[in-house]
Amino acid sequence: MSKRMTIKEAVNLINDGDAITFSGFTIWRRPMAMVYEMIRQRKKNLHLIEVNSGTHGDMLIGAGAVKIWESCWIGHELFGKLGANLDRKVKAGEIITEDYSHQQMLLRMVAGAQGVPYMPTWASRGTDILNPKYDMLGKAGLRDGSNPKIPKEKAQWVEDPFFEEGTLIHVPAARPNICIAHVQQVGEDGTIRVWGQKFADEEAIKAADKVIVVAEEVVPEEYLRREPSQNLIPPYLVSAIVEQPYGAHPTGNFGCYEVDGNFLRDFYNRTKTQEGFDEWAEEWIFGVPDFDAYLEKLGFKRLQDLRANSAYKYSTRAKRGTR
Amino acid sequence: MEKIYAKQGEYKVNDLLAVAAAREVTDGEVVFAGTGLPMLAMMLSQKTNAPNSFLIYEAGTIDGKSIHLPASVGDARCAYQASIGSGLYDVFSQLQRGHVDLAFLGGAEIDQYGNVNTTIIGDYTKPSVRFPGSGGNPDINSLARRTVFMMVQEKRRFKKNVDYITSPGWRIPKWPGGEIVSRQEAFGKKFRGGPSAVITNMAVFRFNEETGLMYLDTVHPGYTVEDVQNNVDFDLDVSRVSGQTEPPTLEELRLLYHEVDAEGIFLP
Amino acid sequence: MSKRMTIKEAVNLINDGDAITFSGFTIWRRPMAMVYEMIRQRKKNLHLIEVNSGTHGDMLIGAGAVKIWESCWIGHELFGKLGANLDRKVKAGEIITEDYSHQQMLLRMVAGAQGVPYMPTWASRGTDILNPKYDMLGKAGLRDGSNPKIPKEKAQWVEDPFFEEGTLIHVPAARPNICIAHVQQVGEDGTIRVWGQKFADEEAIKAADKVIVVAEEVVPEEYLRREPSQNLIPPYLVSAIVEQPYGAHPTGNFGCYEVDGNFLRDFYNRTKTQEGFDEWAEEWIFGVPDFDAYLEKLGFKRLQDLRANSAYKYSTRAKRGTR
Amino acid sequence: MEKIYAKQGEYKVNDLLAVAAAREVTDGEVVFAGTGLPMLAMMLSQKTNAPNSFLIYEAGTIDGKSIHLPASVGDARCAYQASIGSGLYDVFSQLQRGHVDLAFLGGAEIDQYGNVNTTIIGDYTKPSVRFPGSGGNPDINSLARRTVFMMVQEKRRFKKNVDYITSPGWRIPKWPGGEIVSRQEAFGKKFRGGPSAVITNMAVFRFNEETGLMYLDTVHPGYTVEDVQNNVDFDLDVSRVSGQTEPPTLEELRLLYHEVDAEGIFLP
């Protein structure tokens, strides 16, 4: 049977309380069409486990969809210096945050992808990230083993017996229920091809129990299989396939379109308060029935100016600076 | 070519930050650079003193030859004519393996030992501000041979002790115990170096690797040692000031404004 | 300065006693031009650490160049059912062998490439590979820490504290002095591109302290950099660059040439005894001054028939079976 | 299409081995196959009973659609129209993650508990024969849900206990202690299954997962239970023989000789 479905159908595969991870990096190649619909469908108590976060994460947090956030970073790069929604929810004690370093989060995903419970690393020793006082899931009493997605320890320290190089950190596997990935191409059966930087997509997709892939275009398997070395993921790892051009907007997509900086700046500036977020969400999420209507609201010229030049792989028409 | 220095007023503070940082690169080095001024510094150095250095961006590009300034390390522009376009696992593994000589990083606040905080202000469990978080800052800073921090000079940002150690300096907790020890002791056989310079809008600071303490090295044109002391919230060692920071040359400014950031993204 | 050199110059970079690893898989993409010259230059006491071995390994062993062999497999696939030279040397007690499983050897290389002293795995529990009685480097007294390339333990068993999934194996990092890789293309500065299956090349190259790359062709960096996602290794990891067409013969090379099955079968049949090996080596190694002379000895038609069809990526003219 | 079976003499023993193995595949499964007969079996099954199964080769190809039979799992032919052409790290990681349903493997000798030896004959420290070694056999066999072994039926190859456990069966040493326990106990929460069938030139054997012992399931046409017993060096359970092995059909033979191995590489 075909895995093709609509954004709305794909979001139905997500349960309240699920542990979720995403494709992309900060403000690049995030599955925004899915994120908007998750908010529209009022998903709740989500547990985000992300190598790094960005606009999509701060948006889900602002919408009150997130109970636990485990990652290393959130913000909008130069279009918004922090995640104002996370900042607000943290101060209000309305969300549990668990900080790891970037490499530690990556290795947690690597462990999940490899089917081992942890990975060893030298990264970020000597920081408060490893301060037991700041084990927030532990403080919340959530490390009792009752939730299979929450390890019993935040980290462990282990001596190297092989070369006697000292004390390593072991970080626990990340095992999300679902990875929601936005990519450039997917075959009808599910072979995934990503252009440009792969970020931590391979690890995030393979760590997850279920994969929802949204692609700019669905293409023939035979076409992707002419160059197997350029493909990232085989069909049997993919549960759902959605075709949605511009589905990562306002984040950028290598070879497809630019980051919509003005959109991100507007989101950042307007959503520092809950009232502001609710107004913004009314305008851009609840005020439109679906992602197609959202794109119409943005309008052709705006989207066309973001469109990547096929040689450079990024837009040469989008105005980016003051000159 | 003969060096013609720009006079005060002929350059902005960020220009000097980028230029001073660029001069920290030795030719042939492998360098990690973050978004913003670190990028400008590294791209400038590749056009001046370090044409054979290699630039790694955290998102997964190696030795890119961007002809348009990336807006972030995840930008498609980072991959232009790059040797490698991979992902985080590749570049972080190379970092841990010991291939990175130098890193340019930023921070919200720093302390006398070079510990940097980019996570929260106040008590971590009930902060007054939640910053973006560590990103790769502590990974890169703990695994590269040398780190140069680029920051804004403010009293509230130069503290005796930071509220939260996001990125490790020269005196750090050794886990699992948490006792504060030297970086050399905490990292043991895996010690490779550490924060070597902090460059702000007012001055350049360096570290005494034995005491682990920050000291003032050079002061930017137009500022005095006192100006700097007034913008540091700890007892700053000013006994080793080596003089004034070398100002940007006209050529460096031309490169910054006409080649590195021709679109005016970070240098409006 | 340029890293370009000849095969003879590249072999000069290898010291007797070095720990060595190689590109390729069994009888595919092995750096044979280098192996022949290593034997010609009478390299000694080598410590081979290989994810898997093949014709190249059995040849070095037959030549008496190898003191320690750590791997999981040796043979010539369907052209020779085992490594007759290793078989002979093991029975004579003239070589130390340390067996790990394929995945364990791979993970040892992964640990080396990542700069950590070990990797955890569930692979191959319950086998004699992990029998302490069969820790041959330990029995030989070589796990005393005096050789930085030999870990103090063959393996360790560790309980999972995060998910309580049981006892994992920790396998020690492989840290070869040198990786000798044969690839399809390398740029003038050292960017490496491999076509087809990558095998364990990325891990083997990154685990090594020094990399010697032999390529079918040296190409412009600018050419390889048009598609950064298709490249494997950046210039600063490469110490030496050699251009040697057909340099992997008699092993096969994706997109370039077929395995020379008749050559392998002849090697296997003739080298079961030391006398046989010596005769064979006299004919194919010591009897020719260099690899170019070796190729001339093989002759144009034989090499041309092995040449890959550019669409299929393998030869359609080489006779492979009975029909 | 109606099944027309080949009569004895109309097929070779390897034909039956490949056919019997192919029938072990359930459609839609993800399958690891080694060089030789395992390849033939899997490729045949994709043309008959399991067209939607996925074939993984250890060297790093996934779901290839070879139109010329690979001579080994590292062959360029494995990559033809493959979904993925990667490497060992990718496929072994997927294996460990639990994505592989079935594996076809070979062995030099096997014992009553399905332990397989492909490493040495005699004492490991002073062997009389040094075989190729484990390869990925024990990795695949210990991490896949089911394993089917394809072997030659000889008394010296079917032992009470193998000289060296290269690949784990149903009674194995639990390290670090080394006490012999059931596979279920040794693997604990990571137990996924184990050797499910052994197919030889004479018969098909299966295992009692409780006792861990091999038993005779079906005998190939032309052989008797006694023939099999005479070629097994332990007390074989023949109490559960379910009958004769289903012979190859003419269509299966046509596929094997004209499509799967048209060049006559493994089926001369």
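Every chain is named by a letter (A, B, C and D) in the order it is written, and numbering of its residues begins at 1.
In this section, contacts are C-beta pairs under 8 Å (C-beta built on N, C-alpha and C of every residue); 3 or more make two chains touch, one makes a residue touch a chain.
As the structure is a prediction and not an experimental result, all values here were calculated from the model.
K.L.:
If you tally contacting C-beta pairs, which comes out ahead, A-D or A-B? Let me know.
P.N.:
By the number of C-beta pairs in contact, the winner is A-B.
K.L.:
Measuring from the mean C-alpha position of subunit C to the mean C-alpha position of subunit D, what distance in angstrom results?
P.N.:
Subunit C and subunit D have C-alpha centres separated by 27 Å.
K.L.:
Mind checking the centre-to-centre distance between subunit A and subunit C? Centres are C-alpha means, answer in whole Å.
P.N.:
39
K.L.:
Among the residues of subunit B, which ones contact at least 2 other chains?
P.N.:
Where subunit B meets two or more other chains at a single residue, that happens at 61, 79, 85-86, 96.
K.L.:
Could you list the positions in subunit C whose residues touch two or more of the other chains?
P.N.:
In subunit C, 115-116, 121-122, 164-165, 196, 198, 229 touch at least two other chains.
K.L.:
Should the pattern of chain-chain touching be classed as line, ring, star, complete or other?
P.N.:
Contact map by chain: other.
K.L.:
With touch defined as at the top, which chains are paired up in contact here?
P.N.:
Per the contact definition above, the touching pairs are A-B, A-C, A-D, B-C, C-D.
K.L.:
Can you check the complex and tell me which residues of subunit A touch subunit B?
P.N.:
24-28, 51-52, 71-75, 77-78, 81-83, 86-87, 90-91, 93, 97, 99-104, 106, 110, 121-134, 136, 139, 157, 164-167, 169, 196-203, 252, 254-255, 259, 261, 308, 312-314, 316, 320-323
K.L.:
Would you mind writing out the residues of subunit D in touch with subunit A in their complex?
P.N.:
Checking each residue of subunit D against subunit A gives 30, 54, 61-65, 79, 81-86, 93-94, 96-99.
K.L.:
Mind pulling up the subunit C residues that touch subunit B in the complex?
P.N.:
113-116, 187, 189, 191, 206, 221-222, 224-229, 231-237
K.L.:
What residues on subunit D touch subunit C, complex-wise?
P.N.:
Contact set of subunit D toward subunit C: 35-36, 58-61, 68, 71-80, 85-89, 92, 95-96, 119, 124-139, 142-143, 164-168, 172-176, 178, 183, 186-190, 261-266, 268.
K.L.:
Please give the residue numbers of subunit C that touch subunit A in the complex, ascending.
P.N.:
115-122, 145, 148, 151-153, 156, 158, 160-165, 168, 170, 172-173, 195-196, 198, 229-230
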